[in-house]
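Below: one structure in structure tokens.
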Amino acid sequence: MNNPTFTLDGKTIPFTEGQTIIQAAIAASVYIPHLCFNPEFKAHGSCKLCTVKANGRKTASCTAQPQPDMIVESNIQELNDERRALLQMLFVEGNHFCPSCEMSGQCQLQATAYELNMMSPHFDHFFPDRPLDASHPEYLLDFNRCILCSLCVQASRDVDGKNVFALAGRGINSHLIVNASQLAETGFSGDDKAAHVCPVGVILKKRVGFVVPVGQRKYDLLPISALAKGD
Amino acid sequence: MPVPAKLRVATTSLAGCFGCHMSILDIDERLLALLELIEFDRSPLTDIKHCGPCDIGIIEGGVCNAENVHVLREFRANCKTLIAIGACAINGGLPAQRNHLSVSTILNEVYQTQHGLVGGFIPNDPELPLLLDKVHPIHEVVKIDYFIPGCPPSADAIWKVLTDLLAGKTPELGHGLISYD
Amino acid sequence: MSNSLETAQHPETLRRIAIDPISRVEGHGKVTILLDENNHIHQVRLHIAEFRGFEKFIQGRPYWEVPVMVQRLCGICPVSHHLAASKALDAIVGAKQLTPTADKIRRLMHHGQMLQSHALHFFHLCSPDLLFGFDSEVSQRNIVGIAAKYPETARRGILLRKYGQEVIRHTAGKRIHGTSSVPGGVNKSLSLAERDELLKDSEEMVAWSRDAVQLVKELHFKNSELYNSFGAFSANIMSLTAADGSMDLYDGQLRGRDAAGHIMFDGVKDQDYTTLIAEQVKNWSYMKFPYLKTLGPEQGWYRVGPLSRVQNCDFIATPLAEIERREFIAYSGKSLLHAPLAYHWTRMIEMLHAAETIRDLLHDNDIMGSDLTVRGERGFEGVGIIEAPRGTLIHHYRVDENDLISMCNLIVSTTHNNQAMNEAVRRVAQQYLHGHEITEGLLNHIEVAIRAFDPCLSCATHALGKMPLEVEVLDASGEQMSYLARAGDGASINC
Amino acid sequence: MVSQVSTHAGYLDDILARHHHRTNQLLQVLIEAQAHYGYIHTSAIDYLSLQLQLPRAQIEGVASFYSFLYLQPHGDYRVLFSDNITDRMLGNMDLMLSLCKQLWVEPGKISEDGLLFVSTTSCTGMCDQGPALLINNIAINQLTGERINEICVLIRERVPLLEWPAEYFEIADNIRRSDILLGSNFQSGRSLTALLQRGTAETLQQIKVSRLRGRGGAGFSTGMKWELCQAATGREHFVVCNADEGEPGTFKDRVLLNRYADMVFEGMTLCARIIGAKRGFLYLRGEYRYLLEPLLSVLQGRREKNLLGTSILGNNDFNFDIEIHLGAGAYVCGEESALIESLEGHRGTPRNRPPFPVTHGYLNQPTVVNNVETFAATCLIAQNGGAWYAGIGTDTSSGSKILSVSGDCERPGLYEYPFGVTVAQVLSDCGAKDTQAVQISGPSGVCIAAGEFQRRIAFDDIPTAGAFMVFDQSRDMFEVARNFVHFFAHESCGFCTPCRVGTSLLSNMMDKLSQGHGSACDLVEIEKLNLLLQSTSHCGLGHSACNPVLDTIAKFKPAYDIRLTHKEFTPAFDLDSALSQARQMTGRDDAGAHLRECE
């Protein structure tokens, strides 16, 4: 049997019932920039980086489903300019000091910004004050880098069945919280799925920072787009 | 055929570590070739005190005190094209990690309660520039034309941008050249 | 022994001359001079005008971030900070004895940095002064001028620095602000290919370094009167030395001598530095003033860096550098040589030592080993001391039970030399400016003295050629009377 | 700690019992907990977490989403000044500062004695009788300097709210023009009787014939919505009345619920019968908390008349009842999927759509969500037939529309017109003079300039949820837009990047201009931000957040131009005040200790 298809930047992409545009693209090893989407989880749809033009209408490709023969545009300047601006918003919203961040070179936010040629944060910085949570013996939380993708919330709730993380606050004051006054008092463990889904540098295993030399880090050799699935 | 006029270039460091200037030197032998194409105005390379009319200004470091503001304005006023080089100029870099603290907290810590300090107080001589309450990326203070990210950017990245500009092209960095650390 | 020109009695009655900016790196510095109507000097100060507050904002950060973070203090000698922090934090992870590979990779990195920094300082920055003269044609007095008049010297300078940077790149991952030194060891060793690439030029670097020593030596001999007296002042000296008394730039124990050369203290372990040193604040500089507790702030200040190290150690373990050290000691005679310009000679001796050390380490297969880190009993406080290109560098941290930094104290090389540099510029002011009409050339003498120390504030300004200079002469009321600026063409403008 | 918990267990047990320990009731429980204790104590969260078997982080996440809920002490008197542009025009800022001055408290902070908290809040829906405030979530209107002085005395003397003068709390309906809806003398049950006589299929047909479209602004066909929901399969069907009237400048639902609640509930009951729902909800915005008891008694009255509850009007298969849910200060909950999230006791974050509520709504079951006015209108149709209704208004827009008129006019209040009325007509009816502009349908709507007053209120010309704010020539349209932009930044739910960060960046840019740091570069930036918000935001809030700016730039450019005072880019912050801390620390005030804005 042959699946229905749609075209993504001119390339024919087969899809199956229920697949979203980005799922079909990933299955066909085509990269669409994304941050809050992780193939292992239900789409969150919040970062909006994966916005594409589907038959001319802009929509988040992680939640929109393709229709047969749909014309989808992704890698075009209009969209990449908007994606760059969204990245710049994320960079100025938090405190992203790549030079001393142990996730530098292995950070999806950074790699995506490289991919989209983000040369500067452009906007004025918010420089928020976000204290660390180092209470846990094995793990550190550096909220300065949180982009509110809520993958850790999903993983802890849906996979680990622990609900260690949650989003709190509203608007620009939205922030990640833990299910106690500090992480050490939650049931969080390094074996949790939630310990391994952060696309940036918030949830960090202690005492192993900078163990991978420059040149051998995840995105040193290939750009995120070349890793096709880009996760 | 007449020799084309050399591009006039000025450079300076504000609240930076000079690593970006070191990375400029890391173009190694290419420096000698570069000197055929450009001439330096105000820069650690020369003894020119005030920036005169220039084609290109290159600024390392963020804006942390009053003096930085004056120098930055002087460059913007004189340079046709102003380039921010390195993390500190572009997002404040490491010095901006003080931004969640008040200036008073930091001054007290460093000059009054610091380990091994005897009879401390806060330097207040008019010869010293005062600190701004926050360290700012330079694009928050003046208009910037181009950015070369990195801490520091590699010599190859700097070379690429300079040669693009010399060739009259819009500078572009591809994978491997664009970096934030 | 400290100089009387620090503070004038009646500043309000005096004219002010500012040399601003001299530079930045570890901040921006400037010199101010107060003189009376007869051009008699009453006050000279070297102000360090930038402030970053690393000690404060590093608190609350995880300790393993620190070696990567603090090197951003200085882009000229980041490796020094990277390693000093790592050494301090080795104690936190309980790494009493690093693996041979880790120890040798760090030493290789450090000597690569010594080579590049010393080459930069001499060839790119100071050679113009020394080869053309202190008040020679300004437009010629920079690397461009050197490249024109002495192309081979300029080329070698650039290539020596390049080689040092390449040693750093292969050992640290990047030429500037690398990440390979981690608490307890390193995250990479050298591959065979990397080793061979470095090895092929190593002998030439030794040869060129040796020529550089000869060049400086000749300059010193040719004008020994000037070189021995220019800004000279006697001072205590301090540096690390190895247990056997030999020069060790990476590790060792603190040894201090008085101005006459008698050992005041020796074998002081790094974690005991606080028993030796205290710091003082002066209202006119953001940079603190360290001194030896036993002697107090007036008598206890001291000098660090190549001039101190070469005279403080008993011998240098690499043969060619040791020959040069002996010649220098023989030249200086019984007591210590305190002349700032002698820094250049000793700096080149150290560059030769660095080149020899790099070559020797490259022949040691441990640098290609795979045993990179060790861990031991968790500690909560650590001190790391290293000899940076421009002098002793101290990093001191406390870490809480949650792995976050709770206290940080840094005493960088330039800070140790703070009082010494002030003494030097005051001496030069007395020797050359006192009673004379101030000219650009005279003011350059002050910079030459500062530059000799290769302070981190000169790492920066210095970065290639001479620093911009402005002289403004004000009358007692602060009104500007005349303005003199060094323009690009070197002409003095009076307006 | 144990005693701590027991303190809270005391009152929480009653609240939980009232809500049958249902986790869907979480928001309601939190609202009542705060009403009792003044704020939501961390031990209270622990106890609720235990009792409701919910993670405490989830409870904290919900509580921190709604601006009327506090997790720290906020004093015995919590005074929130309504800060819609119409309140501003009536001088609310001076009144707030006067109150703060008299009671020694800073806006946004709790007084040192912990007695009171003073701040601003988004439009409280009293624009026809402002300036307005909420004190412990109860509305006080028609504020004057005199009334503020009296209030200060009452607070200083700690007089309980219940003992405050009754006239403070009087709220006028201000119905200025009635038409088919406001003019109908509705009698309970008539529409239901008509429905039962005509049958559900035929009644639905009539509603489709009437061409009734949703009155919330979007204008989706009501008949089609009900039909889709009816056709959708699910465990249970639900009817939801959206009374979260948060659009600044709108207050028609306030009046409808105060005077026509019976009609609204009957409309919901019609819908229930047609789609086969047994349960319905009215989501009442927190600002209208004072309407809760009256509404409950109306519901009770209908139950007694057998118009609600089991076997309605004697039909065994006709069972339907209505619960009232309170909001707690979150405009975004006016978006139907966010409203449903809130009904379920979650943060009010709009869902990814599709699927839509008609198939996956409350508890993922088929749900009709309609506006208060829409439900009321269905009663008229049930009684008078679809053709009659379709004959009123215009081809695209049948029936009437209630407008909430406020701002610079002599007679603010409710005006009901058949669709198709011109803006000019409304302006002359309400006694507006020298009008410069009208903001129709609130900040997310359109700004109409003088040249366009012949345009009509209709879905194919100017669609509206009802807000009609009038600005005369004395008003600064830049400040109007700035007020609206701050509103969106305050109300953004924070879910998607463009709206969370973009609305704050946009209001910072507008502040930069108003503080005199503006240059041409900034206008370019503002327009770029506008486009990004429009094209990438998750929901309508983000899409429309920039409308006020786009409109005013297009129609009142001079108001911006006078603020682009600098030729060159200028920092958003004041350089000299950025040195003030250091000046203080060093005691310096010499020339070098200052910076001028430009050199």
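A, B, C and D label the chains in the order they appear, each numbered from 1.
By definition in this document, contacts are C-beta pairs under 8 Å (C-beta built on N, C-alpha and C of every residue); 3 or more make two chains touch, one makes a residue touch a chain.
Please read these numbers as outputs of a predicted model, since none were measured by experiment.
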item	value
Chains touching both chain B and chain D	A
Rounded Å distance, chain B centre to chain C centre (Cα mean)	22
Separation of mean Cα positions, chain C and chain A [Å, integer]	44
Whole-Å gap between the CA centroids of chain C and chain D	65
Euclidean distance of C-alpha centroids - chain A vs chain B, Å	32
Where chain C touches two or more other chains at once, by residue number	69, 72, 177
Contacts with two or more other chains, residues of chain D listed in rising order	572
Shared interface positions of chain B, touching two or more other chains	93-94, 97, 100, 107, 122-124, 129, 131, 134, 136, 140, 151, 181
Interchain pairs in contact, sorted by label	A-B, A-C, A-D, B-C, B-D
Residues of chain B touching chain D in the complex	66, 69-70, 73, 76-77, 102-104, 107, 122-124, 126, 129-134, 136, 140-143
Residues of chain B that touch chain C when the two form their complex	13, 15-23, 25-26, 28-29, 31-32, 35, 41-50, 64-65, 67, 93-95, 97-98, 100-101, 105-107, 109-111, 114-125, 127-129, 131, 151-152, 154-155, 181
Contact set on chain A toward chain C in their complex	99-102, 131-132, 134-135, 140, 204, 206-216
Touch list for chain A against partner chain D, complex	43, 45-49, 51, 58, 60, 63, 82, 85-86, 89-90, 92-93, 123-124, 126, 147-148, 163-174, 177-180
Of chain C, residues touching chain A in the complex	60-62, 64-65, 67-69, 72, 93, 172-174, 177-180, 182, 187-188, 402-404
